[in-house]
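Listed next: structures, encoded as structure tokens.
Across the two complexes that follow, chain A remains constant while its partner is chain B and subsequently chain C.
Up next, the complex of A and B:
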């Protein structure tokens, strides 16, 4: 009797596991949105315009200029850190290394880490930081730019979803978030970068995004 | 018997050491908590600074008003710089490098320093928030 029960239970478990595996998961799209009505082939069609990441320009650890255009066609993950950060950043980047190792050979994938202390974190400092982490090549960029620009793009764009969800007021940029951006530059997820479980979730979500059919690439 | 006392002494030393480490870790975690709180404050600081910046760019009618704004902004910048300097100088690894007394001394000193940054930031952010909200009325 007991055995049958266990087998039955295992079968149910297996079935539900397989079921969720074959289900096509789609990730939500965050940020502001607005409906637009346009005429296609004489018919009125309502479409939704989602918030996308606006143009930006920063410099990476090699001294190369990186703009929104450099990331065209890429899925990417964004975070905010600074090299002398004693508390959460080392944990975040230890977790991010796993993301880097998982996707460094897949193509069309990038990680960008914005320093929020650009006065100290110059290009050579960022290069040294990358070397120490064992990062080479052009998958993971550490970006430096004007502090005002970083804070503005964080607050108005990358972290809008976090702010919508969170009941905490103030202080998101140094809260350890990883934000996932799709090829159309839309926000598809935010994760606590200090929590290995959430980072694993993000890795799974990146795979889901990679399997998404390429729709029109915006901008 | 001798063996027993030896074990006792050894375990005493061991607990003493782990107590020391515990004290050091607590101090460090206290400092880091203040630091993380201030990083959140830094966001409010930047927001106010940018708001003041754009107000200052408007053509000025009242020069006294502009001087006042500049003074408020200067305080924000000073607090921001104090925070940056602390961030760049603070060495959390002291815990692995120095003797117990040195570590405690260093952390106590750093705690004092970051608390003074804390009060600088609080004053500057509060004052600028008050000013900006009076402007938007």
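Up next, the complex of A and C:
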């Protein structure tokens, strides 16, 4: 009798452990949000508008124009770098290579790396960098554009600090963040791209995002 | 009986002496190597990787023993002043710029001892005197 009880208890424990394990984790939504009240069918309805990435236009390593529309329906990861960066960029892109290898065949996924030194990092320079890194195809884009545009989108929209400063080695201060954007163009995660553990976390979070049911696309 | 004891005592003393000599050399190597690991983490690891693996075709690996042995006398200059242009490591051509590192001769000796004795490399201890001599001849 006692044994049966114990076995039964263990079974319940195991079952609940399994259950909590399979519970889907949802990722937070970052950035500003504002409630919007509108009238639908004569009733007052309050909705939340989340901060999203606004329209942009840059050029990738193949010389193709890439805009916010090109990324419609994609989950993507953004970072900021420059090809002559002596400090954190090599380690960021060593870690990003793992992300690339994990998701390059899954579809609806992109990586975009903005150069913050567009004067030096022309399209051919970015192409050469991509080649040497071992990147081909259209999963990982290295984007070049007007400096003001890059700096503005970094700070205002992706919430990553970038600054030119001749006193530091390489000439720029920038944070090595990987920012995760969902299909609705909302920020869902921000990770230290120099830390392999956080990058592994991001890989898990991308899988969570991929399993998220498609909601109405805001844009 | 006593000559046997004397003999074994002599042998024992000789063994002790050899062991002491070895450990003296060994100790110096270990000091250089462990300090070198820290210098490596701070100044080299971002680009060359935690296992000296480099990064694709952008940054050369440090596990090419033949390259290290052949260029041993230039290595202190490479670390101190950086390196530009084409080099072939592990059969692959690399070109780019390695930045200069403002390290003291002893730090260069430590980090080179670490690199030259990690990831399959097995060269000797590279001590401070040797580094100073080589630095004087940098182009």
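Before moving on, here are some points about what is shown:
Keep this in mind: the second predicted complex is superposed on the first by the 182 of 219 C-alpha atoms of A that agree within 3 Å, B and C clash if a C-alpha of one lies under 4 Å from a C-alpha of the other, contacts with A are read in each partner's own complex, and residues count from 1 in each chain.
Assume contacts are C-beta pairs under 8 Å (C-beta built on N, C-alpha and C of every residue); 3 or more make two chains touch, one makes a residue touch a chain.
Here the structure is a predicted model, which is why all the values come from computation and not from measurement.
On the shared subunit chain A, the superposed partners chain B and chain C overlap sterically.
Counting the residues of chain A that each partner touches, chain B and chain C differ, and the larger count belongs to B. Contacts of A:39 after superposition on the shared chain: neither chain B nor chain C is touched.
Contacts of A:172 after superposition: chain B is touched, whereas chain C is not reached.
Of the two partner chains, chain C is the only one that A:97 touches; chain B does not reach it. Contacts of A:88 after superposition: both chain B and chain C are touched. Judged by the touch definition given at the top, the superposed model places A:129 against chain C, while chain B stays out of reach. Comparing the listed stretches 61-69, 79-87 or 97-105 of chain B against chain C after superposition, the clashing one is 97-105.
Across the two superposed structures, the residue set of chain A contacted by chain B and also by chain C is 84, 86-88. Across the complex, chain B meets chain A through its residues 32, 35-37, 39-44, 46-47, 49-50, 53, 84, 87-88, 90, 92. Listed in rising order, the residues of chain A touching chain B in the complex are 82, 84-88, 116-117, 119-120, 147-148, 151-152, 155, 170-175.
Touching chain C in their complex are the following residues of chain A: 84, 86-88, 90-91, 93-94, 97, 129, 131-134, 169, 194.
Against chain A, in their complex, chain C makes its touches with residues 45-47, 49, 55-59, 97, 99.
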